[in-house]
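All chains are identified by letter, namely A, B and C, in their written order; residue positions are counted from 1 within each chain.
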Amino acid sequence: MADPIVVVGAGPAGLAAAARAAQSGARVVLLDDNPNPGGQIWRADSSKAPVGEAARWLQAAGNSAIERVNGARVVAAPAPSTLEIETFDGAREIRYSKLVLATGARERFLPFPGWTLPNVMGAGGLQALAKSGFPIAGKSVVVAGSGPLLLAVAQYLDTHGARVRLIAEQAEQSSITRFGLGLVRHPGKLIQAMGLRASLRPIPYMTGCWPTAAHGSGKLERVSLRRGAKTWDEPCDFLACGFGLVPNLELPLLLRCDLGETGVAVDEMQQASVTGVYAAGEVTGIGGLDLSLAEGEIAGYAAAGQPDRARALFSARASARRFAAALENAFALREELKALPWDETLVCRCEDVAFGRIRKFSGWREAKLQTRCGMGPCQGRVCGPALEFLLDWRTESVRPPVYPARIATLAGTSEPQPRS
Amino acid sequence: MPRDVTLTVNGARVSVPEGAMVSTAVAMAGLMGFRKSVTGEPRAPLCGMGICFECRVTVNGRAHVRSCQVVCSDGMEVRTDG
Amino acid sequence: MGDSFDVAIAGAGIVGAACAAECAASGLKVVVVEPGPIGGGATAAGMGHIAVMDDSPAQLALTTYSQRLWMELAPQLPADVEYLPCGSLWVATDAQEMAEVLRKKALYDQPGVGVRAEVLDANAVKEAEPNLQPPNLAGALRLADDAVLYPPCAARYLLEQSKAKVVRETAAELSGRGIRLESGRWIEAGVTVNATGAWAINCPVRKRKGHLVITDRYPGYVRHVLIELGYLKSAHSIATDSVAFNVQPRRTGQLLIGSSRQYGAEDTVIDTHMLHWMMQRVLEYMPGLASLTAIRCWTGFRAATPDKLPLIGPTEDPRLYLATGHEGLGITTSLATAKLLVDQLLRRTPAIPLEPYLPCREMSH
């Protein structure tokens, strides 16, 4: 029996790829590191079942031809067409005939004084935690940072009983209005975006506004915000703060996929530079839900040998891509954010390395060796994107394990023999 | 009928809805800090998706478990750092 | 332009940095050429163990001398060098290895050698290191003066002490005249020192690839540097791939885990097969490690010579010196290397005989 198509990541792109591949007759294995599928945007909410588009795709991925492996992380690629995955209790190797990388994105965190206090979280971070039961009802929240995600997070928190005090968006109003106008080419999105904003009307949405410091003793108590010449403190229980998204490129890099300007470089069939490997969704470039779905469907059809079905989706993908480009321009990060961290502000949270120590060096590698920033368990996933923005450093460098892994996994499962 | 799951956090009993992650249980136990950093700062979850490693706790004797990605189960013993 | 140097050193790893510091301390004007990060080669890749080893009398002399120099320097080392005097345990798992323990003890007790050594029986080892559980644990040799540190910061510290000018370009040619940079410019000096480690050309140095793993924090899991006696067989063999159990604590409680040796492997990619083999060997000694979390793996290249001793001294060109070939003992012997090098430049009487380390010595290939 031929090896299956393996899809890594059960967010929208991965679900779409798995569903289309299975519908085309292929055997599929769908891996995800969370206990439930859905990725970030369709993260399982412990308080209610999925609805709408999420429900439809989750249902489609329930196809019996798809083996779902949850709580599984790819840690290495030990041999050609082989992945090493680790679960809570064990490890296993999976061989694939084709691979679809749909590893999604994570938030970009920018450091500022006090950002390491408990209850300063990502915007998507607080939403994810709340979806898994974290108590937020009755708690006051400041949502800050950048991007449409802030609106979605504020709405979620608001409808789940949190008191959202305000949304601080660092982009200027004029920038976002351009985005809103750009949305006229995408009517469905305009309504969606306005719909979100409309329901949030009582919550102040302050553009050109960003956090400058978080304060508190042992945990967050208030946030300092700046808007133009004005600065003030906002008392709150939580700060949900994220400055856009960055693609999770570690596994594609480990597999030696070439990168383009925005993420993994792919051709029109979503094929990466490595034969038999496809990439779809945020990992090819941050672009939002519709683009992830279109790319996922194309990758699924293409991997399963259905190029005509894939081609039928090209125009939907093109349209979604234009939307994504407008989005990126509207929410570009402003220069003032580079001045947020003081010399004493920690940038590497794993090793407690302050900005002042790091910025003395001329590049990532030397800073890493001398300060150990980036050498902790997050493997640079938090501090790397921050330093790329703050200092224009290139911070990618990937070796297995792609995520921390148990020693037992690194020891392999078969009897070793010295090579003759 | 949604049921509750009961576990202990630093020896204290906590009940959470079925399907809730260990991070929820730690928060419900009233703990602000999940772990101590290399220089002794209290830390709590940041990313909620298993990449920041700030939410690490000890689960059933195993150290450095990311609490935001592990579902609570009855009788689970969770210990935080300090 | 106008700068004239007594010594030009190619390479700012631990050996180059130590040489720069000793040159400066001895009144020599020194320049260092290094295109990459300070301590970015084997210095960054290795464990950072300061260890006495007796594969040969010359190795014993060099490591004991250098260890004493580290102990003298220790109080001045800044915190980020993470100097930790944890001691080593050489672990014996059969009668033959235990005999080796006793042989070493007798050797180290000799007045001319004077290395602090203690023989532990199996029970004493279990008490000292509860997580060390090889089958047939027979005992161990405890060397209390062995230590560990974080090498890239040690290299930086030594370089800072030297106050040397550092030229951040690649050295294209080394000769008695000086160092020719890739850009074509010559750095002229009275004497040139090749401290480029595994990248040293025109000398009998070969790359010997190693793998290492570092874990998350498990304070107290291991207290000493732990090494199997078979490590010596691994380091001694000059032709075949090998692994040997070697685990070391870091001040934060992380564990550094090794070791492996390969010849002929010139790429930096993690070799899955070697990694599995190495980790399986380690699990034989510490089965409890299986459930601990590893954060990173990496590789590095040791600079190996045919007789396992470094090259410290002049080449056929009396103005071109070598300070390379330190294999797995670069950190340990860096300070003594620097002393012996400057002894030769200034015709000082060395603390130990130089002959075994001279580049022009007889070496089997």
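Here is the rule we use: a residue touches a chain if its C-beta (ideal position, glycine included) is under 8 Å from a C-beta of that chain, and two chains touch if they have at least 3 such contacts.
Just so you know, these numbers come straight off a predicted model, no measurement behind them.
Peer 1: Could you see whether A-B or B-C has the larger number of C-beta contact pairs?
Peer 2: Per the contact counts, A-B leads.
Peer 1: Whose C-alpha centre lies nearest the centre of all protein C-alpha atoms?
Peer 2: A
Peer 1: Just how far, in Å, is the C-alpha centre of subunit C from the one of subunit B?
Peer 2: 42
Peer 1: Between subunit A and subunit B, what distance separates the C-alpha centroids? Give it in angstrom.
Peer 2: 22
Peer 1: Where in subunit C do residues touch two or more of the other chains?
Peer 2: As it turns out, subunit C has residues touching two or more other chains at 216, 291-293.
Peer 1: In subunit A, what residues contact two or more other chains?
Peer 2: Residues 376-377, 404 of subunit A touch two or more partner chains.
Peer 1: Can you list the subunit B residues in contact with two or more other chains?
Peer 2: 38, 64
Peer 1: Going by the contact rule set out above, which residues of subunit B touch subunit A in the complex?
Peer 2: Counting only subunit B, the residues touching subunit A are 16-21, 23-24, 27-28, 32-34, 37-39, 41-54, 56, 64, 68-71.
Peer 1: What does subunit B use to touch subunit C in their complex?
Peer 2: Where subunit B meets subunit C, its residues are 38, 62-64.
Peer 1: Help me check something: in the complex, which residues belonging to subunit A touch subunit C?
Peer 2: By the definition above, subunit A touches subunit C via 76, 78-79, 363, 365-366, 369-372, 375-377, 379, 399-401, 404-408, 410-412, 414, 416, 418-419.
Peer 1: Which bits of subunit C are touching subunit A when the two form their complex?
Peer 2: 36-40, 44, 80, 150, 152-153, 156, 213-216, 240-242, 257, 270, 272-273, 275-277, 279-280, 282-283, 289-298
Peer 1: Along subunit C, where are the residues that touch subunit B in the complex?
Peer 2: Its residues touching subunit B are 216-218, 252, 291-293.
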